[in-house]
Amino acid sequence: MKIKFPRWFYRLASPRWFYDITSKLLPWFTIIAFLLIVIGTIWGLVFAPADYQQGNSFRIIYIHVPTAILAQSCYMLMAVAGAVGLIWKIKIAHIIAKSCAPIGASMAVLALVTGAIWGKPTWGAWWVWDARLTSMLVLFFLYVGVIALTSAYEHVASGDKAAAVLALVGVVNIPIIKYSVEWWNTLHQGATFKITEKPAMPPDMWIPLLIMIIGFYCFFAVILMSRARTEVLRRENRSDWVKSLVERY
Amino acid sequence: MNFFLAALRRDLLLTFRRRNDIINPLAFFLMVGILFPLGVSPEASFLSQLAPGVIWVAALLASLLSVDGIFRSDFDDGSLEHMLVSPQPLLLLVLAKVTNHWLISGFCLALVSPILALMLFLPSEGIKPLIFSLLLGTPTLSLIGAIGAALTVGLRKGGILISLLVLPLYIPVLIFGASSVQAGSIGLPIQGYLALLAAMLALSLVLAPFAIVAALKISVRS
Amino acid sequence: MLEIKNLFCERDERTLFEGLSFILNQSEVLQIEGQNGSGKTTLLRILCGLSDAFEGEVLWHGKNIEEDRENFYQALLYVGHLSGVKGTLTAEENLAWMSQLDPSLNQINIPEALEKVGLYGYEDIPCHTLSAGQQRRVGLARLYLSSAPLWILDEPFTALDKKGVAEKEVLIAQHVQAGGSIILTTHHNLSIPDKEVRCLNLDDALT
């Protein structure tokens, strides 16, 4: 609360500025995300070599890993945005944090589902108490908590702040949870087969994976921007610029 | 410090005037523990394997059950407003309230836990680790729970929401708490587990009060 | 002493007040008026730092109340809608706790204050056995104990009989004479000897 930024900083962080700048960015990100995901998918599913142990079933990695990575980094972004909103009282930060939560939760679900689908041929069961899957499940519940708390508040600004506090508490806890779950896992199961620790993946395998990860990040940016833009319009519905925008359509 | 003691005295007085607040978590703790033999199997060898986890889960749920009330009545009757417009340090006030909660749903629980341990055939070597791990782990539960309570105190349906917010955060305490009892009951050293529980307590003792105060302000000011 | 700068507040998409500024000086009584739902309570809560659904600034001796929390709350006595009285505690215990929270309340005079609000003989009965009006008077007994210069009172006269109201008016007059200042809301016509009551109408503030 002590640091005062110059005025232009706050103007940059204004919802209107955000809306304008994202109108320009959105098409680019959409194109890039589309191209990368299409290239990555085709390369990964058709041209990448089959795994010598798992055969073709490993190819789900091209969805599983990007979603899992996104689910985690989305929580980070949500917490950072929430902190920025709390400390400097920047509206747009809260809007971004709020838009992050459902995306992160969906990514966590996708990671869990693809993990289960992958688990069936690999382990012979839909669910295994693998450390990564368990942490991902907990992460999903953390997202659900943030979403539920935000929507439980009638007063929007209070809901934003409450969710930000919760997200920050969660971010402190995530490493502890991860560590404890991993530790619990080794204690109870010994070394199980780890999904993503592939020793020396050939470039034909990891390059499409990398493309998919970047593609998913761009895709994430697209959804995040669209959600945040909708939220901006909803919250600023009484301001003149939104009114004139609506009239134009 | 004087203020902390005065606040703690008031909360304890309030608790002792309403004895249900003390008995409910203890009765709940024992009841949950009794459900397992009824629901699974009364066989001694099986139960003794299950016991560390069951007792810890029961303790965790008992703590969760009572944590909702930690600020509820103060919010409803306006005491919380008085506290926020007081020049006294809110951190101390919050710590007093958490301490009060812990004394009922942690300290007393740890003292009662040997009864449940006997009923679930926990090997006698496990009883000391059980008490120690509960004494070290439950304060963390109270601190984390109080964050959830503070965030939901202004909401009408806070009670259900709070478990959703808080339970994922309880997981590390559960893992290390139950593991210490497990290790203790087969004669392995438990210092490492207790050290981890203590580390988590230290961390939450330093950080949680700030989150609780921030959350209370949000709840009252909304 | 208390300065309000360019306050803006809206609730449920309705603007309650906009560009509201005023200064409260020493020995001044400010009565906030307005229809139900015009935001009187909201305004008082903002002034006490109990609401942050606003834009603008509240300054106490030139410092933002959020930044100068301790000094401001040392100087403030707030009586809100909720009494903050615990049903399981006795009147005396309740006031003793309130004076712990707020050191500007004089702990020694608690029995005297309870007598003045007509609760003599009820000191050591749990408050849940008292009537709603009596419980409210337990909270109002703080006015007799307080040495805080700024009083913010939200409908202090509800659930009081005529005699009670007259007594509180005397109390308010004494407080102002001693150099204190008061902001209050009430539907009652205040009459304070030798003192003009400043009025702020929230319905007018919105144009």
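Order of writing sets the labels: A, B and C. Residues in every chain begin at 1.
The working rule: a contact is a pair of C-beta atoms (placed from the backbone, for glycine too) under 8 Å apart; a residue touches a chain by one contact, two chains touch by 3 or more.
The structure presented is a predicted model; accordingly, all values stated were derived computationally and were not measured.
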Chain whose averaged C-alpha position falls nearest the assembly-wide average: B
Chain whose average C-alpha position is farthest from chain A's own: C
Centre-to-centre distance between chain C and chain A (centres being mean Cα positions), rounded to whole Å: 48
Cα-centroid distance, chain A relative to chain B, in whole angstrom: 32
Geometric centre distance via CA averages, chain C-chain B, whole Å: 37
Chain B, residues touching no fewer than two other chains: 221-222
Contacts with 2+ other chains: residues of chain C: 52-53
Set of chain A residues in contact with two or more other chains: 155, 157-158
Residue numbers on chain A that touch chain C, as the complex places them: 1, 155, 157-158, 238
Of chain C, residues touching chain A in the complex: 13, 52-53, 66-67
Residue ranges of chain B in contact with chain A within the complex: 144, 147, 151-152, 154-155, 157-158, 161, 164-165, 167-169, 171-172, 175-176, 179, 200, 203, 207, 211, 214-215, 218-219, 221-222
Residue ranges of chain C in contact with chain B within the complex: 45, 48-53, 69-71, 73-74, 76, 78, 80-89, 93, 97-98, 100-103, 126
Complex contact set, residues of chain A against chain B: 86, 138, 141-142, 144-145, 148-149, 152-153, 155, 157-158, 161-162, 165-166, 168-170, 172-173, 176-177, 179-181, 183-184, 187
